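Both of the next two complexes hold subunit A, though its partner changes from subunit B to subunit C.
Coming up: the complex of A and B.
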């Protein structure tokens, strides 16, 4: 007899990422009681916000079996332009608008190359990574730019006691979740990721869907960049470096497939981003040996991906429908 | 459907663009100085992604121009293979010498051997190579000694306060020998003064400002009484300032709650913070000395003169007491004027 989809075994398997997250939090909590304080929880959440927002955008792209390696470059280029504007005495809203415009423009550029010229997303976005960073380095002349205090205040602002970065994350996640789960556009994204040819045959304008996800990803990268700058208060030549890997890791840790068609922003991607930040924070609180950081972080990611892989195999086996052929 | 050949050509075109963007090459030429034969020197930097490397690059360029030599330049953006190709290109163009900033101490060995095989003198700027049969000259700051001296000054300031301090160190990339030298210099300075300074946080930053900021915020969360911070590079100072401001601990020297703050490099931000009275001290690498020594080493090797394998930049510690006197030697102070 096969278990029902609601049986405890399947429920446990479905919640594997959440269970792993809880296990890591409890482990750090046991080793360092300060890790389990409310202050630390808020600190971890605030620090995870930029990664989580960039990873939300990345999830849209990954769901279509694509990838966007240019997100870190978008963050840097947007930051560089905004920094120049602010240092030149321009108002903060103009600088923020410029960052978002860079994100949308780069997303649109990626979309044109992927959909019109049909070049592999990996190549296109890798090229734009180098172009973006190159242009940003030229703009900054490799100098660090200290942003005015108004930018830092953005990160420290609280509305009704809730930190602004958390409110922005909440709004982004809510919007993304509603779009993906409750709109025809969201369902079409999954359809394109599952089987592009079938999606096309079903009348879905796949090129439009692809273009949209790259623009969304560019926008999210820019927004994540703003919130990261609001914590950092400066644009450095390495700003945004390797963010693409962090975002992809967060999405994959949250259960998004690199092959498209499977994954969710909430709790999946958000959980992945918070998990990555929790490990980094936990290691600092433990005053761990600096050499242990990459080992522990990579080991947890590997375990999470392994658990996810085992879970998917088991789930597909347990929930498989059988067709009985009567003789 | 896209034609496979067209698709292939597009991919090749984009891949070529990708490779070219990170590799900037140009020539700086000027008239030769009277009496000396103008040389052509290839200058290959691994990166220009911090102010220090930009300052070094500009210092070499200006010094070569002043001496009347021609400079071929290349930046490999962290790609060792690309740097190898760039150096081979220099050799093909029959340069008289090469000044190299390698990515690390090991991967540069084949590059040095290629230069040795072509009988082209090669001098490493600020990053030495591992010991091997490959022959090169390295001009480097004494990271260990300079850091130890800087941190010893910070410890003496802590002693003056008459109470125990809790310290955090921001460590650079653990694969960078300079970062390791600075970490060891920090440890050596603290050793024996544990009753004054207790290290409660060792934060790996991978030379990344975001990691530095997040790491320090976390450390301040775990140990809110941290009041002694050393950064292995001044380019992480904005991250420290941001974290201290968030924690309400950013106060000038002499004010209650001031966090003793020290760094290494001597960049423009460090100079500003020294002037503003927030930074206690920083170890300054003498970029102009290092640039001049690199060029002189190439010239001497070309002329068959003996040059030691390692030329040390002694650097100096700049702090509130000697700021006026030493500022003119601080490269960050010069850059801040631009």
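Coming up: the complex of A and C.
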């Protein structure tokens, strides 16, 4: 007697993230017709790239039931160091390499604390958030730093007509999707998130898997930072702030569970990131009070998580095993 | 037999922080034969198997696997040498597919590339599922499988690494009779292929059905071994407990009083249960028998207020409370010991004391600020520990998960003792519990009844219900199909009533 979920109610529940996305787009479209233009759609997509890339890395960590709060600090510290190098006359590739190196180094640091010293990921990455931001503020002396035009051009470059940021996002998402769904490493990440003790017993090297996801997340944060800097053209003391929130929110909106083992980069996390960006852009078009942005964004995320939790309860009830056939 | 044994244990010793758990354990398992490993909980069976499976290392002694020295440092060493361990709480990942579970650490790959060869994964899994007689698609998510099907997936995984020795730890505890038969048929086929099996179980009847040889462990030492035919069941039990158990069930002194403890009238929930009608009086022990999936556990959860019901009335001690939540039902004197003590019955990481105090904690709150009266609390905990005969070795502040199954169940039951409930519902109270601890649990239940509680005991073991109950209700397909008095107890009648009928009304 296996549940065969097929009723329309269950279908609606399963597609809740997509339906929420459509609702938001239609709402903004109704309020501001400009929102539904192709230009705006491409604009939203490009604007969403940094969040999406950071969120892809975050998804890896969330799948193991961990969390990485240091992603925003990684972006800021990488940007600060790159800014110093560029202002000092160093070439662009070196600066980009430095940013990615900061990401991998911070990821590795997180990994060491989580896997070797067995400290809770929440505490480790929270500490590294403050350390990272503190060091970056010292480097920048809390002043904004303008980046050379060469950096801004990264964001404007097109390859075969496709904007570079979208190319990078495409490559990151494709790689992440293949790794998660079609490699032993990826499937083992899901196993570790589902039941760490069982994973160890099954012969999976769980510590190695955990270490890897934090390094991947650090790298993605750094890459997202580069693309964000290429849009902004400057490193401000607030650069990267609240990115941990946006990244976690994007993943959760896309259906990734905070308890590990459930979720996907595509379409899930990418959809979540685009949804968050749609809200921000929509509010800009509507000329809303800028201070209202975080309130609205947070409210939508809260609603999404609420819908998710209601959905899980309802799904488990609807797919409960039937003991007898009643009308 | 001329060939080398599948595995030989030679003088295995193991200590946990100075306490000897295994003492000079020596025996061997022949290829193509099944060895039953029996003993009370805490006798050292799990420790020994964890050493064999590469999860633990012995302090002294050595193992010989198919004639070669064997000292695994990690579970992967064991599987590389053809040893597979199927744990009681199955080692599957519910979020992955059958194929992914089987090949999780040995995915077929495309040449030297890092990605999975999906087509080969599919064909190899199909073949393995065919071998174990499981008719499911390889990409079925494991969360959709029944426990019996999960067991077969575990065996398929063992076959995938070409295991020559398979350890099974209590494989039948959550299987239906039909699933058990299918499992045994498969295990016999594996024996015929020359695979050696070590079969751990408290269900001696199953050991007798399946095994050729038997080894009895007590307090970490081998106390008896030989071919199964040379042991009577009574001899096995007395070897396990170290004394002869003249009685498997305690004597019943009390009897039902006239006062109603639990009244259930026409309770229905579409798709789950229909028109459930019965009563339990104070001091009465009522059994509820049924096969797996008859709806007994679901009914228990409805009675306790964990699941909804569409119609009908439930009264506790004369008080109707149809749609009250579990918390209000507890206040009215209803208590529930779930069949899933790991998830529902206990806070595994919390201490014994915290678990025992959980239900009655508020009654120890004193003064204006409702602070907990530590001394009174402590006294109450010692009283329960004594009443449930919890092992003296454990400290109050030790996490419950370090206890054996029988002792865990005593804690799960013990937490209700302080409130002397009007009604106590027990779902499979002795599952996975050894013979000695079972007797203690039965005694405890009868004591509760003698002190005026009404008991509803849900079980799949006819024997134990016949042993301790005043009356047995039989459930099938979500309905009550029989109500038998003590004088009418008979295995065949009970089982016949429990069998599902072809057509449903």
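Rule of thumb we're sticking to: the second predicted complex is superposed on the first by the 299 of 327 C-alpha atoms of A that agree within 3 Å, B and C clash if a C-alpha of one lies under 4 Å from a C-alpha of the other, contacts with A are read in each partner's own complex, and residues count from 1 in each chain.
FYI, a contact is a pair of C-beta atoms (placed from the backbone, for glycine too) under 8 Å apart; a residue touches a chain by one contact, two chains touch by 3 or more.
All values derive from a computational prediction rather than experimental measurement.
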item	value
Chain touching more of subunit A, residue-wise (subunit B, subunit C)	B
Partner chain(s) touched by A:39 [first = subunit B, second = subunit C, both, neither]	first
Touched partner set for A:124, first subunit B, second subunit C, both or neither	first
Of subunit C, residues touching subunit A in the complex	55, 74-76, 79, 87, 91-96, 100, 104-105, 107, 109, 114-116, 118, 144, 270-274, 293-295, 298, 477-479, 504
Subunit A to subunit C touching residues, read off their complex	1-3, 178, 182-185, 187-188, 190-191, 193-195, 198-204, 261-262, 320-327
Interface residues, subunit B side, partner subunit A - complex	2, 7, 10-11, 14-15, 17-18, 21-22, 48-51, 53-54, 171, 174, 200-204, 207-211, 213-215, 217-219, 221-222, 235, 238-239, 241-242, 245-246, 267-269, 335
Of all residues in subunit A, those that touch subunit B in their complex	32, 34, 39-40, 43, 47, 113, 117-120, 123-124, 126-127, 130-131, 134, 137, 141-144, 146, 152, 155-156, 228, 231-234, 236-239, 241-242, 277, 280-281, 284-285, 287, 289-291, 293
